[in-house]
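Note that the chains are named A, B, C and D in the order they appear, and that numbering of residues resets to 1 at the start of each chain.
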Amino acid sequence: MVKIKVAVLGATGMIGQRFVQLLEDHPQFEIAGLYASERSEGKRLGDTLKVRDHAFAPDTLDMRIEQLDVDRIADASRVAFSGLPTDIAGDLESRLARAGSAVFSNAAPHRMDPDVPLLIPECNAAHLDAVKRQSSFKDGGYIVTNANCSTTGIAVPLKAVDSAFGLEFVCASTYQAISGAGYPGVPSLDIMGNVVPYIKSEEEKMEAELAKILGSVSGGRFTDHPVEMLASCARVPVVDGHLESVTLRTGRDATVEEMIAALERFTAEPQELGLPTAPLRPVIVRREADRPQPALDVNAGEPSRARGMSCTVGRVRKKGNFFKMFVLSHNTLRGGAGGSVLNAELANARDLL
Amino acid sequence: MVKIKVAVLGATGMIGQRFVQLLEDHPQFEIAGLYASERSEGKRLGDTLKVRDHAFAPDTLDMRIEQLDVDRIADASRVAFSGLPTDIAGDLESRLARAGSAVFSNAAPHRMDPDVPLLIPECNAAHLDAVKRQSSFKDGGYIVTNANCSTTGIAVPLKAVDSAFGLEFVCASTYQAISGAGYPGVPSLDIMGNVVPYIKSEEEKMEAELAKILGSVSGGRFTDHPVEMLASCARVPVVDGHLESVTLRTGRDATVEEMIAALERFTAEPQELGLPTAPLRPVIVRREADRPQPALDVNAGEPSRARGMSCTVGRVRKKGNFFKMFVLSHNTLRGGAGGSVLNAELANARDLL
Amino acid sequence: MVKIKVAVLGATGMIGQRFVQLLEDHPQFEIAGLYASERSEGKRLGDTLKVRDHAFAPDTLDMRIEQLDVDRIADASRVAFSGLPTDIAGDLESRLARAGSAVFSNAAPHRMDPDVPLLIPECNAAHLDAVKRQSSFKDGGYIVTNANCSTTGIAVPLKAVDSAFGLEFVCASTYQAISGAGYPGVPSLDIMGNVVPYIKSEEEKMEAELAKILGSVSGGRFTDHPVEMLASCARVPVVDGHLESVTLRTGRDATVEEMIAALERFTAEPQELGLPTAPLRPVIVRREADRPQPALDVNAGEPSRARGMSCTVGRVRKKGNFFKMFVLSHNTLRGGAGGSVLNAELANARDLL
Amino acid sequence: MVKIKVAVLGATGMIGQRFVQLLEDHPQFEIAGLYASERSEGKRLGDTLKVRDHAFAPDTLDMRIEQLDVDRIADASRVAFSGLPTDIAGDLESRLARAGSAVFSNAAPHRMDPDVPLLIPECNAAHLDAVKRQSSFKDGGYIVTNANCSTTGIAVPLKAVDSAFGLEFVCASTYQAISGAGYPGVPSLDIMGNVVPYIKSEEEKMEAELAKILGSVSGGRFTDHPVEMLASCARVPVVDGHLESVTLRTGRDATVEEMIAALERFTAEPQELGLPTAPLRPVIVRREADRPQPALDVNAGEPSRARGMSCTVGRVRKKGNFFKMFVLSHNTLRGGAGGSVLNAELANARDLL
């Protein structure tokens, strides 16, 4: 089978290199080019490494970074995976879509656009069709975004809860890893032995994005889910893995056992379609007293599948009308590059590539 | 003025030594003896140091640890400050009270006893009178407990909220320091670069204790406050300072400015009585985007007063009917030894010593 | 081929479980039993996990811990791998040898015994023959020890230096990981944001062991190498990987390029014999300005071989008559269980099992 | 007494703010202006805080940053304390000296200039006279530098050793704190749970600077000390305090007790002159098995004196002809701003201001 040529934008950054990690050996996609800002032009990928826990192949490390030129990117590849920084992503992604590229972006600017799917295939695969309303679609170009890393981690289990019992209220406090800020990112003087209870715009993103993701789509138009959502975000001295303390109220009552069962049995389109990057179990429930932990569970998943794509839930408790649980996900895989690769796999399965 | 003789129980532990720190130079109390388990008998305090950020006086460091003998303790001192471990505190404190000691304890066993005040003088000074219902009181002995470190940190600002607007609902997620587990406490292999979302019995304590503290007392009998309280507790790699993400709903509506004003102007009996260990401002509100932080704010307070006794609140936000804020307090001072010293100062002001 | 039955002693500890990790799937050895102190008897291995970065097979996790009974161990297996604590290792290993077991120990007590090889197969394979002088050898029992983790890490590259240029003087300062102290090991209050410049007996071990390892053997009797060796040991907040700053003087002069070449081309018996756990390159030299680093290089090695068995050297510099370099090794694999597994493989190749 | 007006250059940086901390309340000096690069012009000092463990006075926090204008600085103050970054320090300090300022610099560019003292008053007070050979001296301007933070920490105890026994050979490995790299400095992704065995130019500085500092001066010309010096530098996850493992050989033999006595009794001009920032004991020797530690000893010194100005030595051992010891010093106080303030106090005592 001929593989689909893809570009990685922002290839010198943490998320860009997570894209490369997932695409190095992908059954459907083939990296046609690595792109970043002018000052990295000509550098070997291996001389810009940010990802530390993956052994890239020697050929991958020898790939050279090219400049971000819309026409050349669109010529060289069908798909563009974007790990671009916020300040340049919005405009450049729009121009790429107009030039005919299918853009799968980890960046924030287009997430809340009325015709751009904020896609998590386990949650809202039906949203993908909205791309047909994008003006660039007639020439084959469109934009699909994945969600913020903190949103994604809870959206998958919350979708399971919503499907089973109806979701009315969510209060989430995050314990976010430093890799979420990219590299160089968080100065060590700020975070060693400390917690910083602030991440710019993160709470607003979580609150707005969850409503869009869990919402419905009809005629390509999105309607927000009515869930009441309250987020508080903090950075902790952890390298990878966003842990979140989630308190929620459902519409229909349930026991703790029913809640766990609903989380564990949850699967959706990615699992049914057998998408290559989809975990077999989107949500893994741990029953130990003290899990999930970033150091132990961030790469949870099946050995045969891409690691870091399952969300791990633990400490499911009930008090009054509320459930409490802790949720962990890999912020730069499930909540970053992995989300967009999965989105592109769904688009491919739907013949949109 | 003759100072009141006090004993420190558990003097080789973290909380015990915080008691010593606060009592070394106290205007009303004088350390008459340091007590710990048999295997520490005869050791110099200086050879058992757990507290690292206080310079004890040479004479203090040379004090010798004595064995925990109820009769000798009761003979040598009027007051016993207890930093004993849970497993031995319950019984030993009861025996001390029967022997005539006024016991001010940081330990958990007696906190929920129906005639034992769970006392935070800024929140519930009126509860102190309940000691008169204790059977030992006729001989001068009684027990007063301070609250769990995580409860105390939020109870003070929540009392301010309750007084001003009525408190209906609280959802709190904690970021707790390792010093809360004492020494040796948390193994470094468990917590370095990690978060552990579990602290045994901590959530249950927070939920039960807050209702007792904010509750009323009448005829020496306590009635719980009806607040709905949901706690989730996690340990983070921070040395001192419990940070808590608090989401709450009030009975009467308020603006963010009114909420901040109510927190800032809050004072209570300890301030009115000028208790020596009371902070001038029980609640300090920070307006920066990214505060409070354990590394920066754990010792907040007035230079002229005991450090670590103020609670710091920051990021006061409102969404819908809910307020969100982060709260920080020093877990072994305000939330530990400092709480009990303040309790004893209140008892002294009320002529109970 | 029938595999040789082996026992793992101290199977609830960090080193014991590194043995299990390396033996789970070993081509020559098969785990016949897991042993630990009485209080762990009957527990599942999976309920005692200390090793966090290896995915044990479900069957392995379900193995039960048995009590340390010399006769039963000797009956059930030909080889005993010992990760026992120092205080019980000495006596129990002696009794096992007398009962006919071939004991490969990570413990310190027998390391300096005059007829016990302190064996690193890359350094002193010829020392193995000394087991024939042990009184238990006539019945098939004997003891072979691996070296201290800090010694092993530098002994391999220093052997390369000694072979090429003669080694006269070594000054080593260590940056040792917390996993070297086992579990629970180092309290987080002691090491977070800190360095502790003391590890009991470690410097003495390094100085004595290096001379024995690099020394000669004749007629089963060891003669120390005359190298002048000065060690200073410190613990740093790193999970795995001992980094060491090494300054050395050689007998014959060399250039930096010659030194690097000698380190890189170094191989010995384990590589010639193709021992299963031997790395293809015992010493890997990095040329970047800032390597080796524990976080990046601790698991260095060939993907096809057991990870964590190569030593990584970097920053090879020369000043006057001295060479300076940094050396990194995995303290619980190369410097722990992996060392003893390699020793047993050498014994097997020499028909001593 | 009228205080001497001083300028702080680089006042938005870590070292600049350590200058402010030490000068806020100084008996001889008074801050006349704070200066930094153009982009900080007009900012409140309090809005640029890098120093976290000092409570600046409200008036200090309200001081405004001015632009680095040589003429205005020279007009407004007699002394300029420079915490400027290397790339602009060299030229700007030269121009300030020509404009008549007495420049006391923490920056590296002029340290090895043949007529610039590399001054540590405890080590080489006689070097100060060399300023008279600087061409700008006739107009009152000159430059005095302090040493690199890693050099300073060991230079003070090594001076004591040299004076007592003669110093022939030093091998030093460092465990350096992140504050040494300023702010934002070291990315947390690089250093959390890691050691980085490389700090640009640091080893070369240590080797060259120690020889100049311990060297002699005659007719204003410096002659290097013949000590053989080998340095290896590494960064560890510690906030403040450079620990160094030092192995040394003396010219005359000594016992461990004699070595400790020589270190403890060492005082020099700063102590004799009673310079305000001088510690009473330049070298403090700890006898515990596991000291000095950054977390416990970085601020060692007398309560009545500026903290962080003593060097702490521990674990003094002897093997063969070599002594081993660990040395700790505060890298931004003793090894940074404090060093230059002490230098200016010496200049003042010598009527050079």
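Rule of thumb we're sticking to: contacts are C-beta pairs under 8 Å (C-beta built on N, C-alpha and C of every residue); 3 or more make two chains touch, one makes a residue touch a chain.
What you see is a predicted model, and the numbers here were worked out from it, not measured in a lab.
More C-beta pairs touch across one of B-D and B-C than the other; that pair is B-C. Across the assembly, the mean Cα position most removed from that of subunit D is the one of A. With centres taken as mean Cα positions, subunit B sits 42 Å from subunit A.
Chain centres here are Cα averages; for subunit B and subunit C they lie 48 Å apart. Among all residues of subunit D, those that touch two or more other chains are 192-193, 237, 239, 295-296. Partner subunit C is touched in their complex by these residues of subunit B: 50, 178-179, 183-193, 237, 239.
Taken in their complex, subunit D has these residues touching subunit B: 52, 55, 192-193, 295-296, 303. Interface residues of subunit C, counted against subunit D in their complex, comprise 171, 173, 175, 193-198, 200, 203, 207, 228, 230, 232, 234, 236-239, 243, 245, 247, 289-296, 314-315, 317, 319-320, 322, 324, 326.
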